[in-house]
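Could you have a look at this structure, given as structure tokens, before my questions?
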Amino acid sequence: MEAVTQQIPLEHFLALSAILFSLGIYGVLTRRNAVLILMSVELMLNAASINMVAFAAYASPELFTGMIFAIFIITVAAAEVGLALAIILRVYRNRGTANVDEVSDLKW
Amino acid sequence: MQTGYILLATIAVPLIAAAVLLAVPSRYPNVVRAFAVAVSFALFGLSLYAFFAYQIAQVEQYQFDLRWTWIENIGMLGEEGITLHLGIDGIGAAMVLLTGIVTFAGALISWKIDYRNKDFFILFFVLVAGVFGVFASLDLFFWFFFYELAVLPMYLLIAVWGSSSVFPTFARTKEYSAMKLTLVLVGASVLIFVGIFAVFVEAGLGTFDLPTLYEVEFDEDFQKIVFPLFLIGCGVLAGLWPFHTWSPDGHVAAPTAVSMLHAGVLMKLGAFGIIRLGMQLLPEGAEFWMPALITLGTINVVYGAISAMAQTDFKYMVGYSSVSHMGYVLMGLATMNAVGVNGAVLQMFSHGVMTALMFAMVGVLYDQAHTRDMRAFGGLVKRMPHFVAFFSIAGLASLGLPGLSGFVAEFNIFLGIFRTYPALGALAILGAAITAVYVLRMMAQAFFGPANEKWEHLKDMSRYEYAGGALLIAFMFLMGVYPSPFVDRIADSVLRIPGIG
Amino acid sequence: MTVAQIIFYLIAALAVGGALGVVLARNAVYAALFLILALLAVAGVYILLGSEFLALVQVLIYAGAITVLLLFALMLTRTTDVAESMTGAQWPLAVVVSMLLGGLLIVTVTTSDWPGDADGTITRILFEDLGAALFTQWAVPFEIASLVLFVALVGAIVIAREEEGE
Amino acid sequence: MGMSDAWLLPLLPAAAFVALTLLGPYLPRRGDWIAVGAIGGVFVLTLLIIADFTDALAVQGEAFAGVANSIQWLEVPGHLELRLGIHVDAVTIVMLAVVSFVGLMVQVYSLGYMKGDSRYGWYYAVISLFIASMLALVLADNFLLLYFAWELVGICSYLLIGHYSHLRSATEAAKKAFITTRLGDVGLLIAIILLWRETGTFNIQEVIAAAEAGQIGTEILTASVVLLLLGAMGKSAQFPFHVWLPDAMEGPTPVSALIHAATMVVAGVYLVTRMLPLIELVAGGPELLLAIGLLTVFLSATMGLVMTDIKRVIAYSTINSLGLMFVALGVGAPAAAMVYLFTHAFFKALLFLGAGSVIHATERQDVSQLGGLWSKMPITGVTFAIGALSMAGLPFLAGFWAKDEILVSLLDNRAAFVLVLVTLPLTAMYMTRVLILTFFGEPRDPESHEHAHEGSPFMTVPLILLAALTLVSGFVVFDQVGKAMGFPGGIGEIIFLERAHSFEFDVAVGIGSTLLVALGIATAWFAWVARPSVPARSLALLRPVHDLWANKYYLDDLYQAVIDRVVLSIARVVAWFDRNAVNDTGVDGPAYATRYAGYLMKFQQTGKLPNYALGMVIGVVTLALVAFSLKA
């Protein structure tokens, strides 16, 4: 562990994270293709990770909590993508589409 | 000698019995029956002991005190936040005795249940535990817990063991009745729940303990706002007009023993709640709202009686007469004077025993004849003399015949009402006269007159039904002829309710 | 403006540009490529935050494995050649809502008081320290993470497997 | 056995009731000996009490105000104390004598009359309960016990009228009797409670004292008195409550004799006698009493004239007699009323028991199917004739003296006097008519006439005893007789000490009334013996009047119509309202509304993932905005 001075305020990282997160949200809300939605989710996860790591670097590096969290996020993201793609493939095979707005059996 | 374990036992014994019954294989229905009757006899004994061991005119208001701390010093909860606090005053003692009597009689009457009788008795005992719990609890949290415990098994008991009826102009399925009963009662209990939390927060003591909360002097405006929550919330269970229709339909659909407990005991929980939560906790709110209650109570009495007059179904008639008689209880409570409230509590006991007997007798008839239309019968006295005698005694008690419990209770209520509201008192007495009309019409129609040959096969009561009915009748006579044991206990406690003049 | 700052703004611009590409591109494959760009930029941000290990993992797993997986999925679910809208009907509402959310987040970020050095001093974390922590202090969560991965793997196989007669 | 021990009296038959109810089927002879033994015991004890009473009277003279003894029944400390207690004074003594003696006679008589009845044991149980309640009623020193007993005699009457429960008519009559009297009882109960509200006590003497001291407001007092009268009118079958009594004849005849002639129906008279000081405090109270009595007397005399059922004729004569007692009370002559009550109990019980013998022998009770029984049943015939002529008011029989007493007291009130005089020949006429049609002439139903025979000694001995009393009991009106019996001041003084009254026989009134009675008897003899065609011809002439009387002034029909058309309609409307408005709209309505709301809201479930996601984000943004605004 060593201290480095880069003169970049914490807020900058957080703002970046906020922008990425909002863009991810926008993607999730507008994209029709499930794979593209998944990509937007990845953006949101990354935004969260940036937050974690930034806080860890700036505020409380002692227990590596932020890092560990980021690592777990990546792990979970990997697992999630694997599972989600399996589900998407399954849906596609059954219905011939991967567009989420066409899969709407669970309505009233 | 004064130990709270007796009250704990009245709650624990039925719960343990329910658990034991779970383990009894359902292929031995007679074992189940014998066990259930034995347990309910034990409960009867316990309640009898509690009633007679209760000491009149002691310094402490609540006897058989027992307190087990459950949760404390967490969040808003302070010292003794939620405690299993048991204890009864004279009112509670009378109610505990009533529950014991009706439970025992109900178990005896239920001997004839064949369909899944094990499950029936399990739910039955859970319900009974809840009822005992309400009467004995001195902690708002557990009071409410037991209250819900008593109400909820009712749904299954009616929906599974009940009966659907088709009448010329309308039909009532047991599912409908069970659903309505449960929803209305649970809906009403939401009001109580809100009220309980309002009191808890307003008091700011971090405890649900009732005797502690009784010491608090709540702000008058607060009392006026919160009291209606308890009044309506509990009143619905007591059959308060216009929230009463769950009751006749529920009675009609329910199996016999459930009707007995339901009308005999459960409806008393409501009136008991008005006393325990409403009048004792919020005396000024009670003072403010009682004119409204006595108006509604009068409507209950007259409206219930007139409705009962138009019924041709035994159970509907008894159901509406319950509405009418619970109206007397509400009126008595609303008088806010010692005589009237004393009469209301007496009426709770009296009506409990009397209406339980009525429902038991309707059950005797219905289980054999499979119809409850009183116009279909005639001259039953020839085939079923004991049945007719028992039913008539219940009917005479309900029309307030001296020598039976109804008279003592109603007389006190009338005296109480006349002290404050003479005009309404006259209406109440008129209600008793209407009661005579429908009871005698029913007796003349079904019991006397030329015997209908269609009912040649009807048999008189079985010995279990006989025993259950005789038990109820014994208490009706006891209270009617020698009311002092009841009045002494009740009056002593009534006089300690704040605001009673 | 220090060098680090310049680098940060550069990387941030890349990340935002990549993200915009992901959510706006009309072609799905382009979107995936933009995602790679964004993820690599995030890796750069990690380096700026003094966490080389994470940057490495980010490049390897995210930019490498996950994106490839996504591309595979795109390939396997390609339906028709008919050009269809990539954007759902609720996009105007989504614009408003996500901008609102972003605005709110940025306002929060800028108006709040954050702990830490005002002059932008960060703590750099060394590989050794992190490795030691991961296998001592965080050993149990680490194992659980591996279990999660394993279960996800099995689940993915079970779900995606072609069944008999299908 | 002193007067303060009189509480034992009701307990004896009450114990018999309990024993018979619980053990009846297991006892030899269904336990009738217990019931008869109990009433026998009561009779003996009553004699002892009377002896004690005469002693007390001899010692204390006019200062004697009665003996009281009570126990606490229930108490709400500081608010209410209910006591049960007895009060024995002269009025009580008279009532006790009547109840215990007629009770004993009827119970003995029933041994023969009810023999073989399928509910023999139950009959004796209820009649024991009735006697217990009736004794409690007359002994009561407070309104609570009075009302208690009042209701109990009502229910016993209900049970006994409906004794032949397989008959629809008996059941209906029982119901009618109970409900009609119950309506009056509502008034009584309200009156009792109102008086308690004003005075704080249920004790009759204390209430009267308070009223006389002016402690009760005029309005309350007036209301109480009117309501009290309602109760008395119901029980004593005064107009407009009289309709139940003729129907009550559906019960076994001994019951009619005991309950519906000698004891229960005079409870109203007894109550009014007790409460007379209160009634006289109210302006118009005595006048109301008088009006009710006169109306009842007149209506019953006319209706009795056309009835063909032997028991119903006697029932109307009972209403007539009760009306007369009310009249006497209305003009402030309680002693006359009590004397009439006393003698009436004997000759009316005698009449009913005689009618019972006839019914028992022939199984017919319509006079158009009877006739010529004089030779077959001489004892019944003679005793019945004595009773009938006493009721008619023939000189030197009990009824004559008692009636004369009332007429004398009416002398100051011309209108009432004349009206009562008018009814005298009518009464005499229908009593003679029933006597003639039953015992003389040709038998109209030879078959039943054939089997007719005198009953067992159980039945004839009570008849003879009652007939003997009918012959002599009237003479108690003479002070000398009273003195000879051990009472210091004659009967008037016994009955109402604070209103000492000495009997004066008014020769003119006596002769006048005798002439009128003779006229009635002669008319009856002429119409039904000498010229049997007369009734038929006059019937043709007076058809509308006859119909009016035979249909009981259409009052029963009116009441029935009110019940069927009005009361039951209201009940049905309320029941309909309850089902449709309160339940189906008020309770089910919100349920349906909830369901419909659910139906409407389900459409937000589009099934499309982006919509849900958008919803979530909007929620988050909203919450964030709320948080911001709260922070600001």
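Chains here go by letter, A, B, C and D, matching the order in which they are written, and residues are numbered from 1 within each.
Criterion: contacts are C-beta pairs under 8 Å (C-beta built on N, C-alpha and C of every residue); 3 or more make two chains touch, one makes a residue touch a chain.
On a predicted model such as this, the values are computed, not experimentally measured, just so you know.
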Inset, instruction - For the pairs B-D and A-C, output the one whose chains share more C-beta pairs in contact. - result: A-C
Inset, instruction - Using mean C-alpha positions as chain centres, tell me how far chain A is from chain B in Å, no decimals. - result: 60
Inset, instruction - Just give me the whole-number Å value for how far the CA centre of chain B lies from that of chain D. - result: 37
Legend entry - Centre-of-Cα separation between chain C and chain A, whole angstrom: 5
Inset, instruction - Indicate the whole-number Å distance between the mean C-alpha point of chain B and the mean C-alpha point of chain C. - result: 65
Legend entry - Multi-partner residues of chain B (each touching 2 or more other chains): none
Legend entry - Interface hub residues of chain A, defined as touching at least two other chains: 25, 29-30, 32, 101
Inset, instruction - For chain D, jot down the residues that touch at least 2 other chains. - result: 610, 614, 617
Inset, instruction - Just spell out which pairs of chains touch, all of them. - result: A-C, A-D, B-D, C-D
Legend entry - In the complex, chain A residues that touch chain D: 25, 28-30, 32, 37, 100-101, 103-108
Inset, instruction - Provide the residue numbers of chain C that touch chain A in the complex, in ascending order. - result: 2, 4-5, 8, 12, 15-16, 19-20, 22-23, 28, 31-32, 35, 38-39, 42, 45-46, 48-51, 53-54, 57-58, 61-62, 65-66, 69-70, 72-74, 76-77, 79, 84-91, 93-95, 97-99, 101-102, 105-106, 109-110, 114-126, 129-130, 133-134, 137-138, 141, 145, 148-149, 151-153, 155-157, 159-160, 162, 166
Inset, instruction - Spell out the residues on chain B that touch chain D in their complex, using ranges where they run on. - result: 170, 180, 183-184, 242-246, 249, 303, 306-307, 309-311, 337-339, 342, 379, 381-382, 396, 399-403, 407-408, 411-412, 414-415, 418-419, 422, 425-426, 429-430, 432-433, 436-437, 440-441, 443-444, 447-451, 483-484, 487-488, 491-492, 494-495
Legend entry - Touch list for chain D against partner chain C, complex: 610-611, 614, 617-618, 620-621, 624-625, 628
Inset, instruction - Give every residue of chain A touching chain C within the complex, in rising order. - result: 1-16, 18-27, 29-36, 38-40, 42-43, 46, 49-50, 53-54, 56-61, 63-64, 67-68, 70-72, 74-83, 85-90, 92-93, 96-98, 101
